[in-house]
Amino acid sequence: QTRDTMSIGVSIEPPGLDPTRSPSEAIGTITYNNVFEGLTRLDRDGHVQPLLARAWTVSDEGRVYHFTLQENVHFHDGTPLTCENVRFSLLRAGATSSTNPDRTFFTNIADVSCPDTTHADITLKKAHGSFTYELTWNDASILSPSSADKNASHPIGTGPFLFQAWQRGDHVTLFRNPDYWGKAPELKAVTFRFMPDPLAASNALLAGELDAYPSFPAPEILGRFAGNPNLKVVRGTFPFKAILALNNARRPFNDLRVRQALAYAIDRKALIQAGADGDGTVLQSHMAPNDPDYAALPDRYPYNPERARELLKEAGIKPGTQLTLSYPPITYARDTSEIVAAYLEQVGLIVTLQPLEWPSWLGRVFGQGSFDMTVIAHTEPHDIGIYDRDNIYFHYKNPQFHELFEQYEASDNAEDRHRLSVALQDRLAQDEPNVFLYSRPRDTVLNRRISGLWIDQQIAACPMADVTWQP
Amino acid sequence: MTSLLSVQNLSVHAGSTAILHPLSFTINAGETVAVTGESGSGKSTLARTLMGLLPDGFETSGQALFEDQNLISLPEHQFRSLRGQKIAMVFQEPMTALNPIRRIGQQIGDTFRLHTAMTGREIKEAVHQLLDRVGLSRAGISASDYPHTLSGGQRQRVLLAIAIACKPALLIADEFTTALDSQTQAEIMDLVQDLASENQMAILMISHDLGLIRHKARHVLVLQHGTLVENAKTETLFSAPQHPYTRALLSMSLHGVNHPPLTRLPVPENLASGVEP
Amino acid sequence: MTRLRTNRSLIAGSALLLACLVPATLTWIWRSGRSPLIDIAHRYAPISFSHPLGTDPFGRDIASYVLTGAFNSTVIAVIAVTLATVIGTALGLVAAYGGVRGKAVMSTADLGLAFPPILIAAMLVTAQGASATGEILAIALFGIPAQIRITRQAAHSILVLDYIAAARMAGLNSIDTILRHVLPNIAPILIVHASTSLALALLSEAGLSYLGLGAPPPQPDLGRTLASYQIHIFDHPLLVAIPGVTVMVLVLGFNLLGDGLRDLLERPFNRLKGQPS
Amino acid sequence: MSHLLEARNIQYDVAGRGTSLFRPQKPRTILQDVSLHVDRGETLGLIGSSGSGKSTLARILTGLVGAKSGLIFFEEQDITSPTGTARHRFRPHIQMIFQDPQGALDPRQTVEKIVAEPLYQTGLNAEERNRRVLDVLADVALPEDAISRYPREFSGGQRQRIAIARALVTRPDVIVADEAVSALDVSTQAIVLNLLLDLQERHGLSYIFVSHDLAVIRHISHRIAVLDGGRIVETGPAADVLTHPQHPTTRALINASL
Amino acid sequence: MMTNLASAISGRLVVLTVASVIVFALLNLLPGDPATVMLGLDASPDSIAALHHQLGLDVSPATRYVRWISGLLHGEAGTSYAYDVPVRGLIFERFQSTLPLILLATGLALLIGLPTGAIAATHRGKGLDLAVMATLQFLKSIPDFWLAMMMTLLFSLTLHWFPAGGFTGWNAGFFTGLRALFLPTVALAIPQAAITARFMRSSLIDVLNQDFIRTARAQGYSGKGVLWKVAIPNALIPVLTLIGIQLPVLVTGAIIVESVFNIPGCGKLLLEAVNQRDIPVVQNLVMLIVAGVLLLNLALSIVVRWLDPRLAGERA
């Protein structure tokens, strides 16, 4: 007989389930296109697809979008979906009192008007080529005013699954939405279990207590599943970019030679050995190999401690100079930092390791930009734009990059955009504002009989509507 | 007249050291026998041997016949029924000899509970009478008091009540009046003597108070370094002490001889250094 | 027989500690206090002459990594216990003298005892970032109230003795009295307590750093080592076994040493009753 | 008329003990309106039933405990406050012997240290101190080699003599002895009593001698004070009090004595 | 005039109040703003200000302290920043695993520790005693988290007797819950049992050397009778006091063991809440733990007082 329930392991418990209140990836994993739906969605290949908006047209030089909404859509509490919900959700996200993590995106929306209940016209302040792409984000989900404020503990959306229960610290259960407007999901219930400890997670998988674990956090123990008749490990991609971020506003990192020296000093292949068990890609710039715009640039800084020492000497950095390397509390960051410190020590720098827990890291490093070096992985897709931000924590500022980025943003020609994107990557590779370390694959451990699970990660999500048990 | 307790060649060793050298004596029913001697001479050891309560590592040999039973070789379960019922003991240290967390009434009652089939109510009544008897009721002490609220003399009387509850044939009293003022001491002695004459109870009284011994004991045993150096009738001992140690004791005692106040006491040469073994 | 056992505890404890701490200290000196080299190319090297226990996932020599960790953990525990002992003893003596100050000290100790050490550590670490200092502080802050209690109890039992009264008669002030009479007489208790505290402190150290509340890398310490190796429990069980056994050996060593010291130091003099073992 | 040591109207209370968690505590009066004195070269015997306040009074006289009210004089000087400068100055003149010779000696100090302790405050140099210690040890008939030994190596009588040596080393005028011979067996008791009498004869010492053993009191006292329930109920020359007791308590105590 | 109980309680209330000030002050000194933590990397200053207002963080610390305490006095513990649910319910939910864990572990520790200690004491100096003592010394030296790891390895991964971790609540059935808590309880209890046993042994030996034991024997008690009716009740008094002192250690152990076994209990909640700057959760949970420890201590000292009449009159 076929099963109709499934339990999925996730590594962190979300802080509430309201995507408009927190950027936590775990919220997306659980709710994206399961509980909440937006006007558009990303499919498993990363393409924008219609969802609550059946179709749309653009007018006024890309400033006005006319969306036609799906009919017969109801929220889980029974309220019908109308244009008013779109208006409410998008304006709420951009309001001054909004706590939306991507509020800046929504402030570009000048107005949402409702010609009738099934049509929504959105007027932007400034044309924005990737508007429908950004509408796929979880924090652009369409909500109901009657339930929006309680979504953190009891999320209500239009999706194929109803929120059923949250045993805090252990699991969230979703239940099939019997009144779903689209194709009804096959699974009756889905449980997301929070298992931060990879060892415990692997035990649970082996014991059959878990059916799948997307984005398994410890490549070094994947070997445990090798001989198991029920489980398989599938390797996918995700936009993982581990970098050694440098404070470009501070001496000595304001000197290109020093940044280059650091890049030469670190054997990034060895990092992949230790951090991703050998399977990964050495990064040359801030773009992951799974990005359509990714360019395989030449390796500008092969491991060369001699060269690193020379460059440091040229830059006037004396052996024994003290530097601090801060890192957040994640395994890859801790391990990578420890190894990086060891490599830097070999070229005469003395590195103090400073473990920070998340709030401190966010506050000190990310918020105030007050740090020397930090190891962090950026996992947002296509985020090279952060190098053009004013207040970015590593304080990179480069007029050439800025100019290129302006052109890129304004362009709506796909070829131009690709060309410009490669140029941007190359610009960063030359400037080496941060030492780009590596990208690693995304491993999903799952029961051999499961089909339909996303293997590549386009966005933090684990849509369950199409997932089924094979006989 | 057959004796109640007849001790023959009793000796006690702790490992290789002899604590008591072979000694013999007898006690008749209703008779008071005193044991004296300097500190550490083995008085308490003798008492504990007769109670069968020597600490681990002590070995005994010889005979101690009590009502035709040899206490030295008596199996523990038989000895247990003797203790508290036939042979009872009042210990040297009144401050620590009572269980601090039980009421004195319960502790006295235990003797009845262990040896008689009395009902709870009867025991309560008996305890009450005993408290009366030892003069505690008069001092406002009741069965529900805890030991720590009692003075040293009062605790000693509780111990006595425990010991005499079952009207034993032999009462061993180890220096049980040392810490008391003369008045309390006298009261307790009177009580014990009354009991002795009422029930033909024999008393083995350990003391270094020669005044007390002279007045209360029929017979005296003098111990020195674990050896019984003198075993005599009280009058004989005080009038004609045989052993030099006994003589020394008597000469120094303030109770035995009437020394003029504010004068030096005669101290025999061999004791003057005050060195103890 | 007890003597024999005494020596056994002391000998076994010292032997375990020496077996662990001598190589640890030598390793530490030899590597001048630095963590063993990371050498990714030689990760998981098998047991060989240059790597007696093989290498870890970072290619570090396991033997010297764990030994350096043992040294670091022990140093943290020793500093924390020293702090707790010094401060706790001083405050405990104040508490023993009673009065308003003594009461205040005892209330503070009560407060300290109500805070589980992990709460202190978690808060200190969040406030300060993970550091050896924070960890030492957390362990010491927990140790102080216990030390206060022990010291107060011990000092109290000395302060009621007549030789303290005699010292006051001799004109000594309270500080002199403490230095000359109280401290020397409670020293055995404090020493024994310190060695059991060391065992406890090592366990706390391991627990805290296991949770990531201890000193940061690259300096190895036993708890963090365990935490980071624990994932390899199946593929490389030695990685988990070695640091675990090392913690155990050290803790056992200090515990046995405490037992041995207790017998050695307390036996000849009056043993204070009610001391926890 | 001036006395060597005099106590006037001493009053002493303690916080009573509540017997349960819920019952409040009430204070207890231990000593009430106690006045007594001792003159040079004289022994005052202090008797009374158990719990009558003898030890408490001894501790107040020696300044170990402060009285609630009342005054204490030494050679007309007010030394009432146990922490006052006058008390401090006269400390060496009033010493005490404790009942339990074991508890009164620090087990971790040598006899030399124990006996010399009261001298540290006197400003004597090391040599003088040493001389005094040896002198006083000779006084109490302890061998010279005793100085480097520890209390546990001595017998009860010898320990009591060490305690006496310590009390004597400052050449005091008054010694308060609280049950100083009660714990000793007859022979040791005799030795210690002889020593006290000797010292009185040679140095003109005064004693306040607390005991419940009337034979001992009779032997050593010039005068006797009787304490009952925290009050002095009778005082007078030893012979008078013992042969013609006035107060019922005294009579009871004497009659009961053998 | 105050009674002893009243003064004992008021003393503890003072301690509790001081603790609340310390906790509050410490939490306010922590770096990292809860709003930043919640809104993440790209939050705008406006959003942060908005959230500050929403969370009530835009007033002075003194006001916040007063609000917190007066809330507590009204039985209101506030709302969790992270989970956006009432703290009270959150903590209550977590207590369903932590409280049973601590109680079961304490019970087990006593159940093993007391008899073992008593047996060792009555055989003191003999082979059995030495063997028991050596074993206890050994057990006392095992780090609890390591023991937990080893037990998982053996009992759940090799023998499959117990689940390897997690706790899904009591709804799944009493025995399922008990099975999930079994290994954590044992891991927590064993070192405590060893400590209890060693203490019981020395306490009982002390008592057996007391004079009143001899009195009872002379009265006619058998060796066993003395042990049960006289010695053990006396020996338990200091053991109970010790348990009071060991409580914080037990709580620490519980937090660590919860983390090893991935049990959603108070310990995990606390560590996570600290990491997320979920201040309402942290401050109330800490206060609850401190109050719990104080309360248990008070209860223990009342029991001890009830057992030991000599203590009546001393401060509880």
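First chain written, first letter: the chains are A, B, C, D and E, and each begins at residue 1.
Here is the rule we go by: a contact is a pair of C-beta atoms (placed from the backbone, for glycine too) under 8 Å apart; a residue touches a chain by one contact, two chains touch by 3 or more.
Here the structure is a predicted model, which means the values were calculated and not measured.
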What is the shortest path, in steps, from chain A to chain B when you may only step between chains that touch? 2
Farthest-lying chain, centroid of Cα atoms versus that of chain A: B
Between A-C and A-E, more C-beta pairs in contact link A-E
Where the centres are mean C-alpha positions, what is the separation of chain B from chain E, in Å? 51
Can you compute the centre-to-centre distance for chain B and chain D, using the mean CA position of each chain? Integer Å is fine. 31
Where chain C and chain D are represented by their mean Cα positions, the distance between them in whole Å: 47
Junction residues of chain B - those touching two or more other chains: none
Multi-chain contact sites of chain E, meaning residues that touch two or more partners: 30-32, 274-275
Which residues does chain C have that touch at least 2 chains other than itself? 126, 230, 233
In the complex of these two chains, what residues of chain C are touching chain D? 161-163, 165-172, 180-181, 184-185, 268-270
Which residues, counting only chain C, touch chain E once they are in their complex? 1-2, 5, 107, 110-111, 113-119, 122-123, 126-127, 142, 146, 149, 199-200, 203-204, 206-207, 210-211, 223, 226, 230, 233, 240, 244, 247-248, 251-252, 255-256, 259, 273-277
Across the complex, what residues on chain D touch chain B? 19, 48-51, 155-158, 161, 182, 184-191, 193-194, 197-198, 212-216, 218-222, 238-239, 252-258
Touch list for chain E against partner chain A, complex: 30-34, 36-44, 46-47, 50-51, 54, 81-85, 90, 93-94, 152, 156-157, 160, 163-169, 262, 264-265, 268-269, 272, 274-278
Contacting residues of chain A [partner chain E, same complex]: 13, 15-16, 18, 21-24, 96-104, 152-153, 167-171, 193, 195-197, 200, 203-204, 207, 209, 329, 357-360, 362-364, 366-367
